[in-house]
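Here the structure is laid out as structure tokens; the discussion comes afterwards.
Chain lettering (A, B, C and D) follows the sequence in which the chains are written, and residue indices restart at 1 in each chain.
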Amino acid sequence: MSNGDIFVGEVIGTAILILFGAGVVAAVVLDHSKAKDAGWAVIAFGWGFGVLAGAYTAAPLSGGHLNPAVTVGIAIDTGDWDQVHFYVAGQMAGAFLGAVLCWLVYFAQFQANAEDRSAQPTLGIFSTAPEIRHPVANLLTEIIATVGLVLPILAFGLTEGLGQSGTAILIVAFLVVGIGLSLGGPTGYAINPARDLGPRIAHAVLPIPNKGTSDWSYSWIPVVGPLAGGALSGLIFNVAF
Amino acid sequence: MSNGDIFVGEVIGTAILILFGAGVVAAVVLDHSKAKDAGWAVIAFGWGFGVLAGAYTAAPLSGGHLNPAVTVGIAIDTGDWDQVHFYVAGQMAGAFLGAVLCWLVYFAQFQANAEDRSAQPTLGIFSTAPEIRHPVANLLTEIIATVGLVLPILAFGLTEGLGQSGTAILIVAFLVVGIGLSLGGPTGYAINPARDLGPRIAHAVLPIPNKGTSDWSYSWIPVVGPLAGGALSGLIFNVAF
Amino acid sequence: MSNGDIFVGEVIGTAILILFGAGVVAAVVLDHSKAKDAGWAVIAFGWGFGVLAGAYTAAPLSGGHLNPAVTVGIAIDTGDWDQVHFYVAGQMAGAFLGAVLCWLVYFAQFQANAEDRSAQPTLGIFSTAPEIRHPVANLLTEIIATVGLVLPILAFGLTEGLGQSGTAILIVAFLVVGIGLSLGGPTGYAINPARDLGPRIAHAVLPIPNKGTSDWSYSWIPVVGPLAGGALSGLIFNVAF
Amino acid sequence: MSNGDIFVGEVIGTAILILFGAGVVAAVVLDHSKAKDAGWAVIAFGWGFGVLAGAYTAAPLSGGHLNPAVTVGIAIDTGDWDQVHFYVAGQMAGAFLGAVLCWLVYFAQFQANAEDRSAQPTLGIFSTAPEIRHPVANLLTEIIATVGLVLPILAFGLTEGLGQSGTAILIVAFLVVGIGLSLGGPTGYAINPARDLGPRIAHAVLPIPNKGTSDWSYSWIPVVGPLAGGALSGLIFNVAF
């Protein structure tokens, strides 16, 4: 795949992923939304189908990684790091773009939120936050949850076949739903550095009234944890398979 | 595919789509229904499985577009507009027919609704309405949500393969569930001009007692927005892929 | 397929379908169940995955119809009625057997139900009942909902391919979930004469304490409606496809 | 497949299964979790997607049984018991490991649970318990529910094809969701001796504060019932198919 196709594919695919993923949180937490208070299962399925939509779109261009942890895991597995920076650059740009699109979709709701209840925090729509702030435990949660994503992807040979198989895209989508349901409780499951950092930057720069803090003190955990989990998955895969 | 097959396939497929889609809203909002108050996730899954049922049925005849936004996106992609009017005519007729079938399935509930609580509005079963009435924001929501539908369909080559692959039908069904969960909060996600306008006409003409307004002042947004989103998807696809 | 394989396959497959389907209603309505009050979506998904389990099991023996309405629709389509009675006999026997298995799985709950709350009705676990008793509307609901099941199955050539394709089994399972969510509100969607009549007979004969009425006055509707819907599907299919 | 690959594959796959499965119960029952009180459907889907994740990962090494009841059912079907002990040893070790990983993911929640509400029992996160303690009925429930898992797997030739087919993995995942929804009400559906016994041992030995009893008096039922159900499935399969 050409560097240009990789970059464009990852931008578009990750933008769609974040549009759906941030979108479902906005749908559940903002007032004046038909999905208000629809619950955690809706959030987990929304993120999973965001992966489906984004990977399905990006597959013919870039293979649809959408996640630096996946890209790093595959690079450790294959030993080929040549195009990693094109992947990660596309993922970061796409995650930022997707957050902007989510803000546009819920524009009237964000405005009403500021008017109805001043200082209602909005960061949770864009980025993750732990239920209990405990850096070691939070990091461990993100590492293990990311292994739960990347190791299955590596094991089934998705390194080669993701772009060609609709069945694999379905499986990865439901895998992501499962991670949300099962392992998302403590930290909100970033499991993807771009998914957390890109929208956090968007939250910081977008003109959302009364948006609250962007919580930069926590921001390193959903970057370091998933990268460590992706690398660990590559190592386990090389040893065990 | 012959013009006749296209028309018949789109009539039957879109009728099934609307029967399921309007049906699930009736199931959730009308009294004396076993799914009363079952929530937004049920509505999103009901519409998604309506796409599955309709596309699965129409696929061998017409390829199963069921949506003028999809038809327009494919026409812009391929440059072939010859059969577009047969598709759109079938979609409009099918959407009207599906709304009538939904009314028949819930006939006793519609009658009881009028008797139990006079002037309970019923339009929400047939057509979409925004939570916050803001034409620019509503239009933007529909455009972006429709790109979230049509761009993935174009990207994965469904232009050619929809009729042949059950896996693609499954993916599109869950894609539609995802759009509902993630992007349906502000406007109820028409993302399909026929899906909104056909049942709105049915609502206007059917003898439903105390049915309330058909809200024609909003009706142009779920037509123009999805058509613009479908066209935009075709343009993005031609540039990026 | 041999007559013996057809009969055995339909007995086993329909028994599994009813075990799961009646089971999920028992899980949601009986006290001392972990799924107590889990809601309508759980019931719709439970029945859908019951179809998946039963069809998956029966497929290599009989093709996995599990439903006289499907068998009749296929017979009208193909003109071949030779083995219909082996299918229907297996479906009826299997439906009865599945209801007995459900009673055994929830044996302690049925006993506790009788002790805790005397005369708590149990028929809803086994068979369908309308929310509003209106024979014409109820019949119409069952006919249309059955067309929503059988016409897609016929249209996609499942007449020939059901036994061979896991993807088709997945699609039919989610199609049944969709019918439950969208069209199950008024009558509880029998859409299958064996699914309703077999468990109703089991309800009548099983020694369930304080079980309540078996409601024979309604029992003809979930037999006649689905058979008419299956036949109508075959006719539509022959005309339109 | 080599004995080493089988052992390693079953360790990794079963560890992932239990990580997801125990994880989803922790997510729903522990305080300070984003999925707190998310309900039974979330638990059933979490376990099903745990099977998807574990089987998907283990498939290329061991075929992904992850369950002694499946291994025994296949051995009775094929008559080949040579590698059964490598399967079961891997499954037991993996189930223990997965329970430890779940404890690490929810470490801060387990600590907070002990501090907030002393003696809050935690066994339900790791192992099953009946709603009504009735050994004969509980055993019967586990036997029948396990037949509902193993017989479909055998019937569709998964004995040979599980490792190769993503569609089969999807079907088995939704089959497990269905068993949870439909047959999990009375006992919490062990349907897998390793799934219950491994995490019960982990619960007994892990330093979880105020963890409550490990309930050894019930522990034989979720071992004996599933093994009997797996064996019965093999026998039914050999007679009927």
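Going forward, contacts are C-beta pairs under 8 Å (C-beta built on N, C-alpha and C of every residue); 3 or more make two chains touch, one makes a residue touch a chain.
All figures in this text were calculated on a predicted structure; none of them were measured in a lab.
Student: State which chains count as neighbours of subunit A and simultaneously of subunit B.
Tutor: Touching subunit A and subunit B alike: no chains returned.
Student: Indicate whether more than half of the residue numbers at the subunit A-subunit D interface occur in both copies; give same if so and different if not.
Tutor: different
Student: Tell me the angle, as a multiple of 5 degrees, of the rotation that maps subunit B onto subunit C over the C-alpha atoms.
Tutor: In short, 90 degrees.
Student: Using each chain's Cα centroid, which is most distant from the centroid of subunit D?
Tutor: Greatest centre separation from subunit D goes to chain B.
Student: Please compute the C-alpha centroid of subunit A, do the same for subunit D, then give the distance between them in whole Å.
Tutor: Each chain reduced to its C-alpha mean, subunit A and subunit D end up 28 Å apart.
Student: Hey, how far is the Cα centre of subunit A from the one of subunit C, in Å?
Tutor: The separation of the two C-alpha centroids amounts to 40 Å.
Student: Going through subunit D residue by residue, note those that touch at least 2 other chains and give them in order.
Tutor: Expected reply: 39, 41, 167, 170.
Student: Can you tell me, using the touch rule above, whether these chains form a line, ring, star, complete graph or other shape?
Tutor: If you draw each chain as a dot and join those that touch, you get a single closed ring.
Student: How about subunit C: which of its residues touch subunit B in the complex?
Tutor: Contact set of subunit C toward subunit B: 39-41, 44, 130-132, 134, 137-138, 140-141, 144-145, 148, 151-152, 155-157, 165, 167-168, 170-171, 174-175, 177-179, 181-186, 188, 236, 240-241.
Student: Applying the document's contact rule, which stretches of subunit A touch subunit B when the two form their complex?
Tutor: Residues in contact with subunit B: 8, 12, 16, 19-21, 23-24, 26-27, 30, 32-36, 38-39, 41-42, 45-46, 48-50, 52-53, 56-61, 101, 104-109, 112, 166-167, 169-170, 173.
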